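One chain, chain A, appears in both complexes that follow, with chain B as partner in the first and chain C in the second.
This part shows the complex of A and B:
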């Protein structure tokens, strides 16, 4: 009897769909992993040893991580005040901004990068003169880095903006702002001390999606000619069989590890902040 | 006493819509003033103009004689308590209370002292390290009050701070708000649509209707001597009727053939003018013996027990009147359908402006 009622309560279909969904993600991952181990039966981790032994891997991987961090920071600085201001003062503009943030889904990255190259490969001059203010951004390293981070900000905009905007919907931004104002806070204090801490989990998910996009991105990186992780993996994939599988698996693990770490670090307080 | 906060000819338009019209008020230091009125009458808008969240379309707001009309909210030193508490969810109770002081860059030790002092004031010393989500509604609102008071504001503004709480807490917290306000001697403006709250808390009440001030006065004045039909109906429950003036000098009126005597001013009126009279239910009584004036023949229609009060509805002439009597064991109530005599003093017959 007891067993039967328990069986009846067991949400069979819920579990069925959950497991089906999980398999959809896990199977390819497992296949990649198992393939990466099959290079040399005597030394299953040969693909990993080779990959990690390659300094180009480390350089490109670190570089991509730096790009990801820069993109995340710049996006937060751009998106948080924008989304905040729109919620607070310009709710009419929300549809327009939401539409704009969707542009990366409509306009492919290849068009973005060609546009950038076209515009920024000519020097900046004072209009109607030949006096050069700055060399073309594509001609020097820092300039290219600025370009690529700007490009990544565009690509990750839909995710960043939407996460932040959703995060702001769950707390009463307007009243919290007014409370802080009446206590004497200025805009900078309100954004850094009241708004940011209360949308931390939203920021986190936006940041992680941005991270995932940037680290695996190929088109912008290869056309702007930087040695990022995406193009490296792509090249490797054309010449080798096992190492790319190993690296895909590793980068996937690293992403998850980063996610777990950030959750752990911000977890306790994030929970308190998010509770309603 | 000196004027602390003043609003002079303050109006607020939203496009073509006039939310507040010609608001004039002088509040003394330490005074507790309530804005009372139905939903949408402009109470919150007026309060938000004092706080600086809305700019008046016309008029001027001063604190201690200084014009603050164009100051941003964070430079007014005005404390605000919201209906929805608006505690910062990411901060503890102590951090919430200390926020305004930290913004002012006061010394950490001073902040700590002040926070402890405020925690003691609201009797929540043991909750200093709790987060808002761990508190009850009443506790959250007390923290919000402490947070607003911690900065030693010039004026404390409260916008329906109790309306999200249940009835018992509402009554106890309103007494607490009043006693803290009196102890600190702080000037307070309290917005409410609950007449009982306004009557029990305030030094003065501003009754508002569709963006305009209807009457300003002490709870006693507003309740006993409403000057307009709106105030009479909104504050307490009132019997109103049309009457014609028979003799303005002697205060004699005629209500559908029944003679009434009123001691209230009829100076600016003349014989034959139509006026609205009002009589509070509790000022009508059955004890008509030996009285000659204001004795009315009536018939009992309905009897309702309201706890400490019994409400008897009677028909006098063609009109229904409510009569309230204190409920006591010796009370000799009539039955429904009985013919009775009702009476009231000439002071109880109020003449209303429309």
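This part shows the complex of A and C:
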């Protein structure tokens, strides 16, 4: 009798769906990992040694990390003062700014890069004349870097803005600002020494999400023609078998690391889309 | 510099100077978000000689290549939104009200956060290693169960294969949206229903589902948009053989494959409109559920 009631209470279907989901998660990762080890039975980590021994991997990977870092810094410089100002003085701008930060969900990366190329591959001229103010951004390296970082800022904007704005909701920025002002602090000091330290966990989770989006991003990078990690992995997959599997597994671990750290700092759940 | 303590006064709010604080943000948005989108819009209305025309928009609905690519994109987005939505809901159900041990929930949510971000090239490669011709699962099915998937007509580089790959980032997104919504189901509702003599089926059909339905539909619409905008995964897997809208647009950027630049811009605009409608639908349905699930 006791056994029967326990059997009836046993959540069979819940376990069934959970195990099915777990298999869906794990099988592709396990398959990738075991395939990456199968190149040479005598030396299971050959694919990893070859991948990490290739200077083009390090160049593209470091370049992608630099892009991620630049995107994170520029986003913080742009988003934090804006979110702060809207909370403090300009609540009537909230709706329009939130709308703009959500627009990247409507304008996918492929469309964004299409429009960017269309605009910034022609030189800037003074209207109605042929006097060239600036060469097309896509024509020189620094210009392309500006363009791609700006594009990544757009793609990560929904996560960065929401993360920062939520962080500011939990601290009383008005009181903090008044206290700092009565001690004689200027706006720069208030933002860098009072507001930023108070929202550091929100900043960190926004930054990690941005990192997860940017490292491995392939659409903007390949259409703007930069040699980032995403296009490198794609090209490697065209003519190699084992190294791409090894690097795919590594980039999964990186995503896992970023998400795990977000869990750790915020206790919340990180979610990004757009790199698809 | 104005004092903050004045800011609550009605005079302060009307001053145009406070708007200066958000100028950098708007400047950025205009330069890198609005003007690229707007330029595509205007370009979609211009003929090759630069004059104004509706031809490009009209051809979106008549040119077979374009109609087919929209149909294919809509089909794959709908299939994976429905499949991912149902599977994701069942998973979210199993860890919230389904009676599984508590720690499994945080494991599933963390994994969902990772998987919904794990897309593009590495995801495509992972599925080649799993379900490709020499894939891990393909081999197991052949050796252990004596089932040859490729003999049976399965192909990873086809519609069905790509759908399975998309599911990998679709259902985790559903889990992330639905787990908090399922938490919003109050115990009291179930107790009240049971006190009035309702059984489990009646409770789910008559109480839980009506409350959750807008949220489920909204999340599925979001999944639809999520798949519709995807490019890298499909391109890395099929190399452009599956003519989704995003793949066609990518080919058009690389070189004018439609032999009419305006048509490429019109395709992009059509895509933005579909994405906007789906996001709008999501937020409208989301606002409907908030009344109950707060």
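Please note the rule applied: the second predicted complex is superposed on the first by the 219 of 276 C-alpha atoms of A that agree within 3 Å, B and C clash if a C-alpha of one lies under 4 Å from a C-alpha of the other, contacts with A are read in each partner's own complex, and residues count from 1 in each chain.
Definition applied: a contact is a pair of C-beta atoms (placed from the backbone, for glycine too) under 8 Å apart; a residue touches a chain by one contact, two chains touch by 3 or more.
Note that this is a predicted model, so its numbers are computed, not measured.
Judged by the touch definition given at the top, the superposed model places A:14 against chain C, while chain B stays out of reach. Legend: residue contacts after superposition of the two complexes on their common chain; A:111 is shown touching chain C, with no touch to chain B. In the superposition on chain A, A:124 makes contact with neither chain B nor chain C.
Once the two structures are overlaid, the count of chain A residues touched is higher for C than for its counterpart among chain B and chain C. By the touch criterion defined above, A:179 reaches chain B but does not reach chain C. Residue contacts after overlaying the shared chain place A:89 against chain C, while chain B stays out of touching range. In the superposition on chain A, contact of A:103 is made with chain C only, not with chain B. Touch criterion met: A:154 reaches chain C, while chain B stays clear of it. Common to the chain B and chain C interfaces on chain A are residues 178, 181, 186, 269, 272-276. Contact residues of chain A toward chain C in the complex are 9, 11, 13-15, 17-18, 20-21, 24-25, 27-32, 34-36, 78-79, 81-82, 85-86, 88-90, 92-93, 97, 100, 102-119, 150-151, 153-154, 174, 177-178, 181, 186-187, 209, 212-213, 216-219, 223, 230, 233-234, 237, 244-245, 247-249, 251-252, 255-256, 258-260, 262-263, 269-276. Contact residues on chain B toward chain A in their complex (touch as defined above): 51-53, 72-80, 82, 84, 86-90, 99-100, 103-104, 131, 133, 144, 147-148, 151, 157.
Every residue of chain A that touches chain B in the complex is listed here, in rising order: 171-172, 175-176, 178-186, 189, 193-194, 197-198, 200, 269, 272-276.
The touching residues of chain C, counted against chain A in their complex, run 1, 3-5, 7, 12-13, 18-19, 21-22, 24-26, 28-29, 31-37, 39-40, 43, 87, 90-91, 93-95, 98-100, 104, 106, 108-127, 129-130, 135-137, 167-169, 171-173, 175-176, 225-233, 236, 246, 249-250, 253-254, 264-265, 268, 271-272, 275-276, 279.
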